[in-house]
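Before anything else, here is the set of structures, which you'll find just below.
Below, chain A partners chain B and then partners chain C, in two separate complexes.
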Partner chain A sequence: MTFDSRLLPYLLLAPQVAVTLVFFIWPAAQAVWQSVHLQDAFGIRSEFVWFENFEHVLTDPNYLDTLKVTVVFSVAVTVLSMGTALLLAVLADSKIKGARAYKTLLIWPYALAPAVAAVLWMFIFNPDIGSFGRALRALGYDWDYRLNGGQALWMVIMAASWKQVAYNFIFFLAGLQAIPRSVMEAASIDGAGPVRRFLTITFPLLSPTTFFLLVVDMVYAFFETFGTIHALTQGGPGKATETLIFRVYHDGVVNNDLGGSSAQSVILMVIVIALTAVQFRFIERKVHYA
Partner chain B sequence: MKPTRFIDLVPHIVLIVGVLIFAYPIYVTLIGSTWDSGTIGRGGLPLWPGGQGLDNYAQAWAGEAGARAKYTPVRTMMLNSLIMALAIALGKIAISILSAYAVAFFRFPLRMAFFWLIFITLMLPVEVRIIPTYKVVADLGLINTYAGLAIPLIASATATLLFRQFFLTIPDELLEAAKIDGAGPVRFFIDVVLPLSRTNIAALFVILFIYGWNQYLWPLLVTSSGDMETIVTGITKMIGTGESANDWNLIMATTVLAMLPPVAVVVFMQRWFVKGLVDSEK
Partner chain C sequence: MATVEIRDVRKSYGPVDAIKGIDIAIRDGEFLVLLGPSGCGKSTLLRMVAGLEGITGGEIAIGGRVVNTLEPKDRDIAMVFQNYALYPHMTVFDNMAYGLKIRGIPKAEIRARVDKAAEILELGRFLDRRPSQLSGGQRQRVAMGRAIVREPAAFLFDEPLSNLDAKLRTQMRVEIKRLQDRLRITSLYVTHDQVEAMTLADRILVMNHGVAEQIGTPLEVYQRPASLFVAGFIGSPPMNVLDGRIDDRGEAVLVPGGQRLPLPQPRPTDAGRPVKLGIRPEHMAVAAEGFSIEIELVEALGADTVVYGRLPDGETLLVRMAGIPTVRERDRMTVAPQADALHLFDAVSGRRME
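Let's turn to the complex of A and B:
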């Protein structure tokens, strides 16, 4: 059942469509246009250069290093935050005393901005002022993530994962609560222990949640951790913690390289579109069978 | 009574360790905000509160010069963040509920085209179109304005999809009855649809408020004056390169204040928050 009106639906859509066109579609089209053009230093003349910008970007060994850092970073953040969250969710879902209190105490980090999480980690691990940072040095370990690339990468991975555990925890908990108790009880009666129950019942039944979180965490690690990296290491030392998104920002805003930055933006767009497509294929299937 | 076995304690131990890992950095920051910058800078921060708390917060709040530099007052940054977060949350809800209403309750030419246009925004996060979006905002003269901070972020495919999904569950009979009573689409929206959407709006508001408050890259780009600084970007600017000689007491007090609103929202509106999160991602 619907209303009949010629003009009203367009008026209702107008604000959303206007914002979308002006701030999403138009800039995205600009990025695509710039990615196949070369501009002179004053931005007056531009020349169509086919895929030259892409060629530059993709053959730049620095870019490939950045890609490698991004992959290591994203996989590590996804695995760490999902693993920790699953462990905590399974325990908090079991019938133990104080389960509610544990839940409240574990979900609030969701509220923190990635950059704030990074700052908190700095307070702890800074080699001059942080308790752990100083302790590591006192133990004779040469800890300084501002100078050591490997340590810097470890820091941003830990700070980014730390923040994302709460999100994963909430979804795992919701997934666990949707598993019928009767199935678990039946398995219990048949003599399956907790570990066996987890592996043969809980984990397979959680797979839609797991898959969904996999995509969300990848997107998080790719895009939202810009704040983490910007606040903690600025992509350094050297380029040890520079991810693709940080590089787009750096090349475009700091180095003012429009063509290169746009080509990188277009590459990122392709990645997001691929991730979104995967996510929606999966959601369609879930709707189908649920 | 069965005696407690060690194995029964293991889940508690693991959960408590988990809770501590998340609480410890916050605790350190809280404690740090009650000491002086020298104590923190030397790395000698004790585990108990000091006596400088009130001074630190007052100083950070009013933006009085610290021992080493002068910063934007926290009250200015908090106000900017609050305006940005509210504008983003309310803006997203308003334009999404209207467009979802159009798509769900009307049949008109190009309906699906518009639907897809909105849907596409999912695939264009601000991070992938930084420079051109900045240029559009600059051309419109919106740099260093609240409009520039909020409007480019208020298009929302997820909120639109969520409201549309919900509208499709409103029974036809309701619409029929409204029509028989002579109610037009505007009446129906105000008297029936809005009240029915109350819980959805509340749940979504919680999520979007946090989303807005925590914005980082966009405020970093479109604000250049201290008056327009938001608190999350403000903290990293206060830290600079992270040398030990910093006004750490003020930085930590500012961090505590920056965390307060979103954490309070999560803790006090937990039920809505979890609902909003799980619904909007479905």
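Let's turn to the complex of A and C:
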């Protein structure tokens, strides 16, 4: 079917373009604008200050700590959620009883809002009211993520990974199911056992999926885990679980430092663009697209 | 090189019996074709030999060793799949070398074996390509090469040519035949194409509903079909089958319309018995006396002509004549079968009456 109207393609694109403009391009431009201005506390006057905001941010030792936390957090979340999802997907793809129910159950966590998921984790791990938290304390382990920074970081990593496992699982399962059964059968006739089949056939054929998820999960860990961290630890104790995105919110919304917060946003944006570019450039080369 | 013995092999999926006891011993170097319509269980039987399907009952032995509980990799077989099942992320060379690498064969020997197979299959130029860069026929060759380099005890082919177009299929069929004459490796070949079966097989096992209807050489199966099913499945156009009755003296078959066809040998014990009478279209000829048919359709195939005629009682009768058509639609003609070309089948069981 073809349409003669020259207008129609633009019309069909318009909603998507509008959403991108209003919710991405405009705020991003604002952030860039604000990152080179200094605003007074009441938001009435602002002054152009060149790169002063960036200078402040990048020379702040606290900011470098936050960066370290973010790196640990993002790498851990990506590795943990992808590894777990791949394992579960491989299991779900094999012929087991109740595979359908199992698949459905694994997809459910994705439907939860991050804050709701975080509250669930709190109910489990809270040292006073959480079932598992109390059990740990009863066993004599000094469990309190509200005081122990390492435990807090471990907990937000777990909560953030758990939610992303469902998403990764769907893609890995779809990727696995796209591998023709006969190819696996040919490999087993050629003499490959289950482990070798996975390493030499399944994993290479999954690489486009893996690469896609690697990019998505990094972006998720950087940006979308705000709700989880906010609900669980508010970046604490101290600044033990404060990631870059949480700091943007904290400095901008709580501390009213709009210029500094915007400068951080811009830095964050540059980091993610750079990471994605690096991933595309160096990892995609090794990725096989069947 | 090895024999493959299949002894009373059965397969059930819950209450459904897919294979109901197949017995056959395939000789060393023999090419056995499993022929049958879709759903007859031929692929299932092949996959049971490969170890890709469990065996519900009976025994399968390869080279004298019962393999029922062995993994596919321990059965020393190679398989060619209908959709080729090549490893898409590997080059042609790696596809063929994969099984050899796993078995720890030295690099130099792998190189030599793959090169030799590539030469036989004319794949030398493509060794560095990926399967996605090959045509269907070339992929099929790579799949064969992957089987050849392994030098297995037996080859298993699962409808290897059905994804190819008609011309390539004929070409590959000839190549498989040549390869088989050269390598003489015990082979099981599944197909629903009777031409492939007739041309490739040393013996054919005709399957229907999980049962072996007949096991025999291609000519035996054509000349002496063991049942009505085989008679209808082998031969194109299919055999004519008419209801009939052996006369009271056992000397002729009476067919509706009053025709009396004398039997080559009298069968006094079968006198009066109702039968199904089979006559191949190519064994009919124009005659002064015989079946009077009205011609409904004439198919001119060039080398020969197929005439669809209608008998007075409404039955269709096919006649195959050599050369270009000499009759036209709506003409009437009289045809008669060659005396020694009558096939008699039991009217109830459909088995051949010897």
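The definition used in the following text is that the second predicted complex is superposed on the first by the 238 of 290 C-alpha atoms of A that agree within 3 Å, B and C clash if a C-alpha of one lies under 4 Å from a C-alpha of the other, contacts with A are read in each partner's own complex, and residues count from 1 in each chain.
Following the convention adopted for this analysis, a residue touches a chain if its C-beta (ideal position, glycine included) is under 8 Å from a C-beta of that chain, and two chains touch if they have at least 3 such contacts.
As the structure is a prediction and not an experimental result, all values here were calculated from the model.
Visitor: Would you sort A:I201 into first (chain B), second (chain C), both or neither based on which partner it touches?
Guide: Only chain C is touched by A:I201; chain B is not.
Visitor: Between chain C and chain B, which one touches more residues of chain A when both complexes sit on the common chain A?
Guide: Looking at chain A, the partner in contact with more of its residues is B.
Visitor: What residues on chain C touch chain A, complex-wise?
Guide: 50-52, 71-73, 77-79, 81-83, 85-89, 98-99, 102-103, 132, 146, 150
Visitor: Using the touch rule from the top, collect the residues of chain A that touch chain B in their complex.
Guide: Where chain A meets chain B, its residues are 1-3, 5-6, 8-10, 12-13, 15-17, 19-28, 30-31, 34, 84, 87-88, 91-92, 94, 96-98, 102, 104-116, 119-124, 126, 128-131, 134, 146, 162, 165-167, 170-171, 174, 212, 216, 223, 226-227, 230-231, 245, 248-249, 252-253, 258, 261-262, 265, 268-269, 272-273, 276, 283.
Visitor: Contact residues on chain B for chain A in the complex?
Guide: Touch list, chain B to chain A: 11-12, 14-15, 18-19, 21-26, 28-29, 32, 40-43, 45, 94-96, 98-99, 101-103, 105-108, 111, 114, 117-118, 120-125, 127-137, 151-152, 154-156, 160, 172, 175-176, 184-186, 188, 210, 213-217, 220-221, 232-233, 235-236, 239, 242-244, 248, 251-252, 255, 258-259, 262-263, 265-267, 270, 274, 277-278, 281-282.
Visitor: If you look only at chain A, which of its residues touch chain C in the complex?
Guide: Going through chain A, the ones touching chain C are 180, 182-183, 185-193, 196, 200-201, 204-205, 288, 290.
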